[in-house]
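Below are structures written as structure tokens.
Both complexes shown next keep subunit A, but they swap its partner, so subunit B is in the first and subunit C is in the second.
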Partner chain A sequence: MDILIYGIINSIALALMALGFALVYGISRVPNFAHGALYVITGFITWSLLRTLGLNYLISIVLALIIIGVVSALIYQFALIRVRGMAISEIIASYAIGLAILEGLRWGGFKGTTYTLPVFIEGTINIGDVPVDLHRLLVVAIGGAVVILLWLFTHYTRIGLALRGMAQDERAVLMLGIDSDIMALVAMAAGGMLAGLAGIVLLPLGNIVVEKGYDVLIQAIAVCIVGGLGSWMGAVLAAFLIGFAQILTTVYLGSHFQMVVALLAIILTLILRPSGLFGKQKELEERV
Partner chain B sequence: MNIEQRRKERLDRGIKVRTDGLYALMSWRELSYLTLPRLVLIVGMLTLPFIMPSMYWQRVISIVCIYALLAMSFDFLAHFVGLVSLGGALFIGVGGYLAAIMNTYFGMPPLLTIPIATVVGAGICTLFLLPCLPLRGVYFAIVSLMYPLALARVIEALDILGGTDGIMGIESFGNRWVEQYFVILMVLLFLFGARRLVNLDIGLVFRAVKDNDQAVRASGMSITFYKAVAVFIASAMGCMGGASLVHIYMWSGISLLALDFSILPIAATVIGGAGTLVGPVLGCLILVPISELLRAFGTLRIVFYSLILVAFIVFRSEGIMVYGQRKYHQFERWVKI
Partner chain C sequence: MLEATGLMVFYENMLALNNVSIKCEDKQIVGVFGANSAGKSTLMYTLSGIMEDIQKKENMAGGERITVLGEIHYLGQDIMGLKPSKRARRGVILCPERRRIFPESSVLENLRIGGYLASPSQAKESLAYVFRIFPALKKIKKREGGFLSGGEQQMLAIGRALMAQPSLLLLDEPLLGLSPLIQVLLVRSIKEIRDERRISIIVTEQYARPVLPIVDYAFILENGAAVLEGTREELLHNPDVRSAYFGVEE
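== the complex of A and B ==
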């Protein structure tokens, strides 16, 4: 029972982490290796707004999300846009930006156990006979809401439809008069905000530490690969697969193996079904 | 309307054209034009241990050479085969741990452990990376980024191979001159070897894999096989570096899988000149000593490399070596249009 409940929670958490990466990659084909850094830095921004400026929790969350959106847009506009389409440079540039943020934070002294965000709601509740704290339930609710909102956004708004069109065929979109650079900028900002949201929602469950940046990046990528790079619904489904696998290994082997699970999931996917669960559309493109 | 009325024209120097072929042997001048840059590098590398002021800086030379091996392997993979490896630390780690195990558990001397670690380690790394080789795109970068992180976790969690303390008591080279000249010679050997290799037939296939894999496939060659060969060669360079490193430090631990080994070679390659194979070595000669000087700043160094890296790759993706080659081989003049 507790495996089931915590598996669902962990899966939703993974889905939250991965959606930002999947969004950016799906739309602009830029693998955003700075994803984990954006996740962590949002936590620190919220912390600073909350603790040093003494703002209201909700206000600082909203402000932090706006800041991270602007920051990712700036990263795209000033660095990534120039290397877009050059696979080698894209990877190196985004990875280096992520590293600079993470290691800069570490150098700036943001480490240790002093940095924690408060949980949204205190208290625990028993489901069956398993105690679950309310914050974790909130994570599930927020995760579900984000997935549904994203779906609605990409199916019923003009920008969302443009983004989806761009994910399918950039040239066709250009011919229809949609500026693909602006759309990629929007996607990057939205991806950064999703990473930030995941950070804000998930970081209260533990300390804010720099190392999480690498973990999150890797887990997000693992989810995206298993689900098929660029496929959002595949990412959600894959999050459940990996989430349960991780909970099972944590219960039976130990929590150190979470990253190994992610790695094995990637390797197995690449061997068995390289385009991922739902990557059918791009299958021909990626398989040599 | 303010349009440039002139543009820069670049022409190959006559001597460059003449020395491209067999005619290079015609005169001393042309011979020296060809050999001078190479000789400067070789002689410079060989005299480095003598001009270094202290033991400490001599040690830095060895570290430079190890990073240079790694950077060459990155350059080879990225710009000749089209595989971006974000996990140089994997090669160092595998090579280093293999050498450490062979030396401490089986008592083999460095003379044996280094070659074995190079070949076996390269095999292991190739096996590790094999699943992502049939695919195009970012998979190789992702998987190679994950391996060092995951391996460090596994070693920590299972407490194998010395756990967090690492393996101590590894035999050193014995003599610091032997140590330095060994790594310097290895760098030169791999450098000229790799330069030769990319001009052989197999090197052509590698570049074809990078530029147009479908054409390679249409020629009846297995892309996966050639990529595996390339990964084997590149990881051999890295594993050799790792094996030498543990014998230099006489210690092997999780820090072999640290981020420094992944990011510095990339920065060195980008600064030195991508796709030249000499460039990465030059880049390491510049970056590693700077990084030693900045040792007091701790992780700020990684920030520093990363920012340099972003700046170079985004704004000036040429690199020192490409610039130098252009100046050496070509002359420029303004022409009216």
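== the complex of A and C ==
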């Protein structure tokens, strides 16, 4: 019972971490290696607004999300757009930006255990005989809501449909009057905000530390590779696979094996089915 | 309406379009005929601005050097150098070779993505129109684009282009690889679209015979150069054209 409940919670948390990465890659084919940095810095921005400026928690969260959306858009407009289409350069550029943000935070003195965000709701309830704190339940609710809203957005709005068209065939979309640069910018901003949202929702469960940026990046990449790069439904499914595998190893082997599971999942996927569960990279599959 | 003069396109040192000038008057159907690699698709890409996007991407990745020269005047304005999305906004919509349907989206979604530039009321009206001229699409509107037959895909591609509210529709080899029966049906629809939507159409094809009955004026491309032009009657009575493009032996 506790494996089931904590497995679901962990899986939704992973899905939240990975969705931003999957969204940006799926639409603009830019692997955003600054994803983890955006996750952590949103936590610090919220903390600063909350503690240093003394703003209301909800207002701090909304402001932090807006700031991170703008920052992501700026990162795309001034750095990534110049290397768009060259996979290796995109990885190097975005990873360099991520490193700069994370190590800049460390250099700026944001380290140690003093940085924590308060949980949204205090208290625990028992489901069956398993105690679960309310914040973790809120994570599940928010994660589910994000997945549903994202689905509605990409199926029923003009911009969402244009984004999905672009994910399938960028040149065809150009012919229909959709500006691919602006769409990639929108995708990047939305991806950054999703990373930030994941940070704000998940960081209250622990301390805000710089190292989390790297962990989140690896977990997000693991989920996306297992699910198939560019496939959002694949990412959600893979989040459940990896999420439960992590909880099972935590229970039976020990919690320090969590990261091993994520990395092992990457390796196994690349050996057995390189394009992932729902991937569409047929060339890759045939070549390997 | 559209007047392109002295179009030259180089891929590195290879000349893909050599000083091509073409013209399309208001509400005309203009044909562009030529063999494989005569420069038909290059011409369409140049008119719609896709060539400049390819050029930009190649430049960025350090790939092929593409040079585009010439002038394109559309509704009295110079559109050379405008982004493809800007040209589409002015009504120049390309329906590309090999159709480029979105394979994972349903027929209806394909059409709705095409309606990005349309206002809600325009989109509604165009959608009804597309289903009226291609009733076959209405029956399969839930099916994914990748599962359609070639003819259905071509109808969908034309319908999707119509959703974008064109005033000049560029059709790049719309009959490629389709059965004669479907070809006849599509050619009839193309004429209908011109007559009912009051738009201009430039259509390219390898074989002139199926399309010639509906074109008002035509150009013939050979090795990237426009070697011949004329009205339908002029071309029909030209012996070289007859043997080369209609398969009629004298």
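Heads up, the rule we're going with is that the second predicted complex is superposed on the first by the 279 of 288 C-alpha atoms of A that agree within 3 Å, B and C clash if a C-alpha of one lies under 4 Å from a C-alpha of the other, contacts with A are read in each partner's own complex, and residues count from 1 in each chain.
The working rule: contacts are C-beta pairs under 8 Å (C-beta built on N, C-alpha and C of every residue); 3 or more make two chains touch, one makes a residue touch a chain.
Since we're looking at a predicted model, the values are computed, not measured.
A.B. asks: After the subunit A overlay, clash or fit between subunit B and subunit C?
C.D. replies: Once both complexes are aligned on subunit A, subunit B and subunit C fit side by side.
A.B. asks: For subunit A, which side has the bigger count of touched residues, subunit B or subunit C?
C.D. replies: Subunit A has more residues touched by B than by the other partner.
A.B. asks: Looking at A:M259 after the superposition, I want to know if it touches subunit B, subunit C, both of them or none. Which is it: first, second, both, neither?
C.D. replies: In the superposition, A:M259 touches subunit B alone.
A.B. asks: Quick one: is A:I221 in contact with subunit B, with subunit C, with both, or with neither? Answer first, second, both or neither.
C.D. replies: A:I221: touches subunit B, not subunit C.
A.B. asks: Given the touch rule stated above, what does A:R82 touch, subunit B (first), subunit C (second), both, or neither?
C.D. replies: both
A.B. asks: Now for A:L134: first (subunit B), second (subunit C), both, or neither, which partner does it touch?
C.D. replies: A:L134 contacts neither subunit B nor subunit C.
A.B. asks: Using the touch definition from the top, say if A:R164 reaches subunit B (first), subunit C (second), both or neither.
C.D. replies: A:R164 sits against subunit C, while subunit B stays out of touch.
A.B. asks: Between subunit B (first) and subunit C (second), which, if any, makes contact with A:L241: first, second, both or neither?
C.D. replies: neither
A.B. asks: Could you look at A:V173 and tell me whether it touches subunit B, subunit C, both or neither (first, second, both, neither)?
C.D. replies: second
A.B. asks: I want to verify one number: the closest Cα approach of subunit B to subunit C after the superposition, in Å.
C.D. replies: Minimum over all C-alpha pairs: 10 Å.
A.B. asks: If I apply the document's touch criterion, which positions on subunit A are contacted by subunit B in one structure and by subunit C in the other?
C.D. replies: 82-83
A.B. asks: Where on subunit C does subunit A make contact in their complex?
C.D. replies: 48-50, 53, 57, 60-61, 83-85, 88-89, 93-96, 100-105, 109, 112-117, 160-161, 163-164
A.B. asks: Contact residues on subunit B for subunit A in the complex?
C.D. replies: For this pair, the touching residues of subunit B are 78-79, 82, 84, 86, 131-132, 134-139, 141-143, 145-147, 149-150, 153-154, 156-157, 213-214, 217, 223-224, 259, 263, 266-267, 270, 297-300, 302-303, 305-307, 309-310, 313-315, 317.
A.B. asks: Under the touch definition given earlier, write down the residues of subunit A that touch subunit B in their complex.
C.D. replies: Against subunit B, subunit A makes touches at 31, 33, 78-79, 82-83, 87-89, 91-93, 95-97, 99-100, 103-104, 106-107, 214, 218, 221-222, 225, 229, 254, 256-257, 259-260, 262-263, 266-267, 270-271, 274, 285-288.
A.B. asks: Could you list, by residue number, the parts of subunit A that touch subunit C in their complex?
C.D. replies: Within the complex, subunit A contacts subunit C at residues 82-86, 155, 158, 161-162, 164-165, 168-169, 171-180.
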